[in-house]
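We just call them A, B, C, D and E in the order they show up, numbering each chain from 1.
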Amino acid sequence: MTALKRLLADRAASIGAALILGLILVAIFAPVLAPYPGDVTAFHLTERLQPPSADHLFGTDRMGSDVFSRILFGARITITIAVIAVGVSVGIGVPIGLIAGYYGGFPGGFLMRTSDIFLAVPQIVLAIAIAQTLGPSVENVILALSLTYWPFWARLVYAETRSLKAQTFVEAALALGASDLRVMVLHILPNTASAIIVRTSIGMGATILTAAALGFLGLGAPPPTPEWGRTISEAREFLPEAWWYAAAPGLAIFLVVMGFNLLGDGLRDILDPKLRKGSR
Amino acid sequence: KDRYVHANNSAYDTLDPHTVRDVARVASRLNFYDGLYRWVDNPPQLIPWLATEHSVSEDGLTWTFTLRDDVTFHDGTKMTAEDVVYSFERMLELKRGAGSLFLPMIDPGQTVAVDDTTVAFTLKEPSAIFAALVPDILVVNSTLVKENEVDGDMGQAYMIDHVAGSGSYMLQRYDPARGFIGERFADHFAGWGEKYFDEIEFRTVLETNTRIQGLMRGDYQGLDGYLAPDQVERLRADEDVQIIEEESMRVFHIAMHNGRAPLDDKNFRMAMVHAFDYDGYINEIMQGTVARNPTIMPGNLWGAPDVPGYDYDLAKAKEYLDAYKAEHGDEVRTIKIGTLAGFSETEQAAALMQNGLSQLGITVEIESSPWPVISSAMQNPDTMPDMVPYWKSTYYVDPNNWVGELYASRYAPTRNVSSYHNDAVDEKLEKALVITDQDARAELYSDATTQIYEDAAGIWIYNTKWFGPYASSVKNVRFCPVGNGQDMRWAYLEE
Amino acid sequence: MTDALLTVEGLSLGFRGDGGFAHILDGANMTMKRGEIMGLVGESGCGKTTLASAILGVLPRHALEVRGGRIRFDGIDMLDAGQAAQQQAVRGRRVTFIPQDPFTSLNPVFTIGQQIEELMKWKSPRRPVGPSRAPTLLTPYPRARRRADREKIMEMLNLVQLPRPEQLLKKYPHEVSGGQRQRLMIAMALLPDPDLIIADEPTTALDVTIQAQILGLLRNLANDRGVAVMLTTHDLGSAYEICDRITVMYAGQDVEAAPVAEFFNRPTHPYTAKLLASLPEGGGGMTGIPGELPSFYAPPPGCRFQTRCDRATEACRIRPAPDLAGPAHVVRCAHPLFQTTPATPLKEVQA
Amino acid sequence: MTDAPILTVSDLTVRFPIRGPFARKLGEIKALDGVGFDLAQGEILGLVGESGCGKSTLGKTLMGIQAPTSGSITFEGKEIAGRTPREARALRRRLQYAYQDPGASLDPRWKIGKSLEEPLIIHTDLPRKERLAKVREILTSVGLPAGHADLFPHEISGGQQRRVGLARILMLNPEVVILDEPTAGLDVSVQATVLRLFRDLRETFDLTYIFISHDLSVVRLMCHRVAVMYLGRIVEVGPVEELMDNPKHPYTQSLLAAIPKVNGPRVTENFWLEGEPADASNLPPGCRFQGRCPHVKPICRQEDPADRTVGAQTVACHFAGEVFPPVPTPKESTPA
Amino acid sequence: MRRLEIILSRLVWFIPTLFGLVFVVFFISNVIPTDPARIIAGENATEAQVQALRAEMGLDQPLYVQFGRYVADLATGDLGKSLYTQRAISEDLLHRLPATLELTMAAMVVAIGLGVPLGVISAVKRNSMIDQTLRVLSVSGLAVASFWLAMELQMYFSTKLGWTPLNGRIAGWGPEEITGFYLLDSLLTGDWASFWDTLHHMLLPAITLALPAAATLVRFTRAGVLEVINSNFVLYERAMGFPTTLITWKYVLRNALISTVTQIGLIFGSLFAGAVVVEAVFDWPGLGTYAVQSILQSDTKAILGFSIIVGVVFIGVNLLVDIIHTFIDPRTLK
């Protein structure tokens, strides 16, 4: 409750939250909001590459479909990719970081080295490999992103856990006879939560960018999916004449990623007690 | 000094004429090397080149070529029959590129230098298409290559970035990441016209957009053809740019898996061929820059039958589909279309197909992969998607290149990816491979193609037009579908 | 008072923040003479550091709000923005600072030598006065002066009993012990040859044996060099130990100021008395003062001790004027201890 | 006070290895070096010494948070070391450690009530209602309003945090409580109330305390006996009055002399102790106080003194009872 | 010596990490469903030809044998040969490495040159107009898809305005190659024309790459400075009247850099990988273009080589960061 109030008090964060809320609403109500909901798969070959007009807010694309409608539907894909990929990364990264950080020693070192390796594997390459193995598709983009993103959370949680582990309240809980699991799940994890939330919010943005880059390289969703990155790459052929074709999805990506970043920044200020103290 | 700079869409990552044989890297082969014969002009003609003539033995197995005696390599060495033999054996040994075309026809060691200017090839069986492949016998300077052999690699390491040829241009500079510069070889045996380019540069520029803008800005004098229609429009509007328009032999079609249900049923296939919006594709997406091609044979090649193309008619398609359903039940599974990542025409074709089929109540899944992946998949009937839109280009100018390779059982499953099998067709195609009389062959091919057409074995869409974008000042580009207009020895600059 | 080196008059300031205006100092007064050690005592959070910081000009500028009062150091108004240049020249040169925590007050990524040299480059008494024309980051440090300063540094390190100064200068702060660091800070406070040193709880982070050494050092230096020292502390023992005079603060107000002996033997303000009584060695080690410091966001008007004082009356709602309870013994209380108990204590009125 | 000690510690040693890269052992810190003492039921034993001398380590080792390198701890006649974790935990319920920094020992994200409830969740299976009742009860007994259960640790003052820390320990009905510097950082006025709380609680709950502090005046006020530690060893132990009035070890003597006392002699005038404690990871042979001792003799540089009993105290000094603090010259202070 | 020991202990991790990297990438690239033998043999090859080639290349052997061979070759610096060109991949990569390094380093210089000072200013002028603007800009910088930005910049500055070259590293064939770094080479040979031309070509791609990096640095530097600026030692320095500029740009910055340097290491890694996309747009003849090319051709060995190079650079840079840390933060040597 108070967190929400603080969020609304922070201008940047509320803009971010608004952008994301917008994205979610657009994703949910795309069929209602889109002027030409059928245009995801339907084409009007005689209306190709029309500039923006009252009929077509962002013009039409190479198949004569309404770019605006397709952008709206693209939000669904974007949000699906981001949510699942980040969700899976969090799901893998957080426990690994927690266990590695809590127990330390050789197993911890080993886990962290493993995550270093995955961090060093170029994301694009991994995505390519997966896309080529299983065929490019939204699911595989998600898989590729999850496989490469989890180390970020593992690292973060690892570092947080290390420092929390050394803190007195953890020692005190252990001294009271709490089990390792209890300490990890009830004491350490909640204390890393704000860092995870912030990281996740910013990670969403990064994921969207990478997913778009994969789409751009032709490794993402197949046509005629209205994914934003692939729309930009489709549009390349028609530049600079059909400027709207690339500009619209580019702006969409920009706004959404910006939304996540702003929210992440805001949350950092709101959730980080250290910064809170500093701002007093 | 007149220079010609060409921007190409893929990399010149090797100069070895024998290891790759793709259209993208044709420039280095054509300009640095010479073959026994050479394809020129459109429709393509074979002209004598390093060889002046040839004869075929009675049994059709031994082909004897007479070579010119005035050919020198770039380093001044004289070319002899030994060089031809070495070059040919090298191709067979390396097994790559054109070598793989010859391997089924000739065994290693079956080529002999009869004397300095005579070379004889002995085939395993008579072949009607050997003549069409002769231009691919590119002759390398065997002395030079042998000098640079390492561990019996037949000079592979050396030839990657060196040229040991007799071609019209000599290698001046080469950077695999960038391209090459060739300098005119004044002593070329074929002599030179009054005007010519002193230097040619072929450069890799991966982005289509960049290539186009570079041409408009004058950074380049020529680009590879096959541009998307919208881009052609853009270039046409520029007065410094000329578009040389030629009919080529590159057939765009959708290969269908004839061996897998439901596509193994003719009614279903008939439904398919009527569900594609040919006119929409050709007139709108391709903006009328291509010609409807009703069969797999390029319409401008001999032996192409004169049949009307299937039309886009969903009602008809529905009828066929109902016929199919009457026999096989109402359930139709999802159809998978594989497309070539980065080739938007295949994607658009697939999307259009999807659009048509969805109106028939058939769901379509599109999967887009890079060419090597999809090509590997296509060569195995188990992994071949139900449909794949792609082009069949000119590897050699003979009907076998199209109808033979794509529908004869002898080429299954590697080149005949449709798993199409028809004994009557096979018989005709086999026969046409052996006899040499062109008229008889033309008839055989025409009949076979018609049969395949009637079987609706594939969806044949268009034959490509080639739009060679050049600076207006470039003259006398002799376009040939085989070399894509990149044979630069005839072109010159005129302000 | 002509010989006053530093005077703080009616200083009233606070910080604006989330919870409103925190009125920290409310009419704080203090006077320091040359060469004297003045103890500024009071419980934690009563505004000692804030007062010291105000003099040093290091209060966080964005939240600060000065409501009134003056700080004068030798004729310079330390609050007037118009005199920024003079203030900057005074700080670190004529007024120096010994921080509370020697562990975090040295920059961890520069050697001790680098930091002392930087100080001497800018604040050495040998530095010619007047602004330099070179940009700050490129201002040269002339060789000759550097050498002279270096000698002074060595001398000073010896004086504060730091062993092997040559090696010490090459070390990083984390490589030396807390006691040594605090001695170093004292040396740095003395090097510019100041008139006044502000020492903010210089020994709280240290052990008693080290504390004794440091306190002794400060006392001797003040005696020998005639430097005035403002010693902030909440340890009355330390204050007793080396101070000449003591000012007690309560919740941002000065309540009593007296020479050291007077202060301990004849406390006049009820707060002072209670404070002394809470000392364990005072015998009443378990009495304490009931209640808590008032909130700075909504302090009571007048004397801020009224909420915990059993002598408080209506009169306490107005800040009492200074009253002389003896020679140089100033008290601000409506009902000082040398008076009889007031008629109606405020507590009973409120109850 | 009964005769049988409730807790016996003998020859307790704790070493912390110092590791470099490659987990190479560079040396070790002898945080505890052969510490031994008895604790009688109901007694308050003070533990004083400089920062880093091992006071907290001793407390934590007794509590079992820190594993001893060697030595034995017997609680009510039962050896603690070498038990299964479960048994050790059960034993330790009755032996608790109150953290030096009580604020830090509370989970910053947990409300006070929840933190207080935790020991009950771990060790008992009381229903939630009873647990909450117990929490309220204990909060009152440490002098906090029950409403504080709904506050977060950062919302209460340092003195209150200390009370909460204590309450948390008392939830388990311990017998021996180790109080680690319970008054450090508190103002005299708050300190006084906290001290009184300790005394009251001891009576209510029948507790035995080990009272760690470096404030000798507080120790004097609270404790029956005092042990003085220096660099991991108890150098002097004895009844509080005797030890303070008549210290036998030169370190104790200087410690006592270093504390400025209001209206006492001016300690800084002639404080004799110089230098700082030796490096705990690199102790010289012989007596560990030799570097700072004003009375140092050759033997001190060779032999670590054994414990010897002098008067009421046990002292680890070769010259225990023979050395005295230098006599302070009275200062001509301002007339009172 | 402490520092040497720390560096060594980091180096010791380098090998297993590298091995892990090779392992992961090798197996990933081997599940790609292409048949290298078939690719080499060409579209016209028969099944028998492909089989023969497969045996010749050792592709018929179990994967772990192939992996062993690969690692053994790798140990000698041999990354195998490209499927298409038969060119040694290590040569290919080395040939293109300078182009990418030059670009990423230029971007890095731009990013640091912009990001760090702006971050400091933003922190010092906290909550001011400048700060707010910079924060908005830095968030935007992070939100822009670099390929999109590249396209838009190219479209505007090169196509519309014609201010910058469209693509490539240099107009001609570049200066005489000594190191492969054109800027360096042109300086060494005194070829000023090439120098400026290289810079001119580098402008847009470097800016595109640098923008998100600079944005990250602004944010981290700002946070770092803010963390330090309220610390006791800064308070002390201010109380002692040190000039404000000196405190900010020397004492605070140096401390803030400790965390920023780690970020710089991470950023360098991501710039390197990000070059794939930007190089593709600007036809920069570097590793990225090579990677895209290899991807489109499913040249698994080349992809593998590229991944290893990027991984090595990434791990190497982070190693370097660790080493730099021992210099700028003496506490690490404790």
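As a working rule, a contact is a pair of C-beta atoms (placed from the backbone, for glycine too) under 8 Å apart; a residue touches a chain by one contact, two chains touch by 3 or more.
Values in this document were obtained by computation on a predicted structure and should not be read as measured data.
Considering the contact criterion stated above, the chains in touch with chain B and with chain E alike are A. Simply put, of A-D and C-E, more C-beta pairs touch at C-E. One finds 53 Å separating the Cα centroids of chain C and chain E.
Annotation: 22 Å between the Cα-based centres of chain A and chain E. Computed centre separation for the pair chain C/chain D is 32 angstrom, with centres defined by C-alpha atoms.
Annotation: 44 Å between the Cα-based centres of chain A and chain B. Contact of a single residue of chain B with at least two other chains is seen at positions 207, 341-342, 370, 373. Taken residue by residue, chain A touches two or more other chains at 132, 219, 236, 239, whereas all remaining positions touch fewer. Multi-chain contact residues of chain D, defined as those touching 2 or more other chains: none present. Against chain E, in their complex, chain B makes its touches with residues 10-11, 13-14, 16, 19-21, 95-97, 100-101, 103-104, 156-157, 160-161, 173, 175-178, 181, 204-207, 210, 213-214, 217, 219, 341-342, 370-373, 375-377, 379, 383, 395, 414-415.
Contact residues of chain E toward chain C in the complex are 126-127, 230-233, 235-243, 245-246, 249-251, 254-255, 258, 328-331, 334.
Interface residues of chain C facing chain D in the complex, by the touch rule stated above, are 43-44, 161, 177, 179-180, 207-213, 215-216, 219, 234-238, 240-242, 259-261, 264-265, 274-276, 278-282, 284-290, 292.
In the complex of the two chains, the chain B residues touching chain A come out as 207-209, 228, 230-231, 234, 277, 280-281, 283-285, 339, 341-342, 344, 347-348, 350-352, 354-355, 358, 366-370, 373.
Contact residues on chain A toward chain B in their complex (touch as defined above): 41-43, 45-46, 48-49, 62-64, 131-132, 135-137, 218-219, 222-224, 234, 236-239, 241-242.
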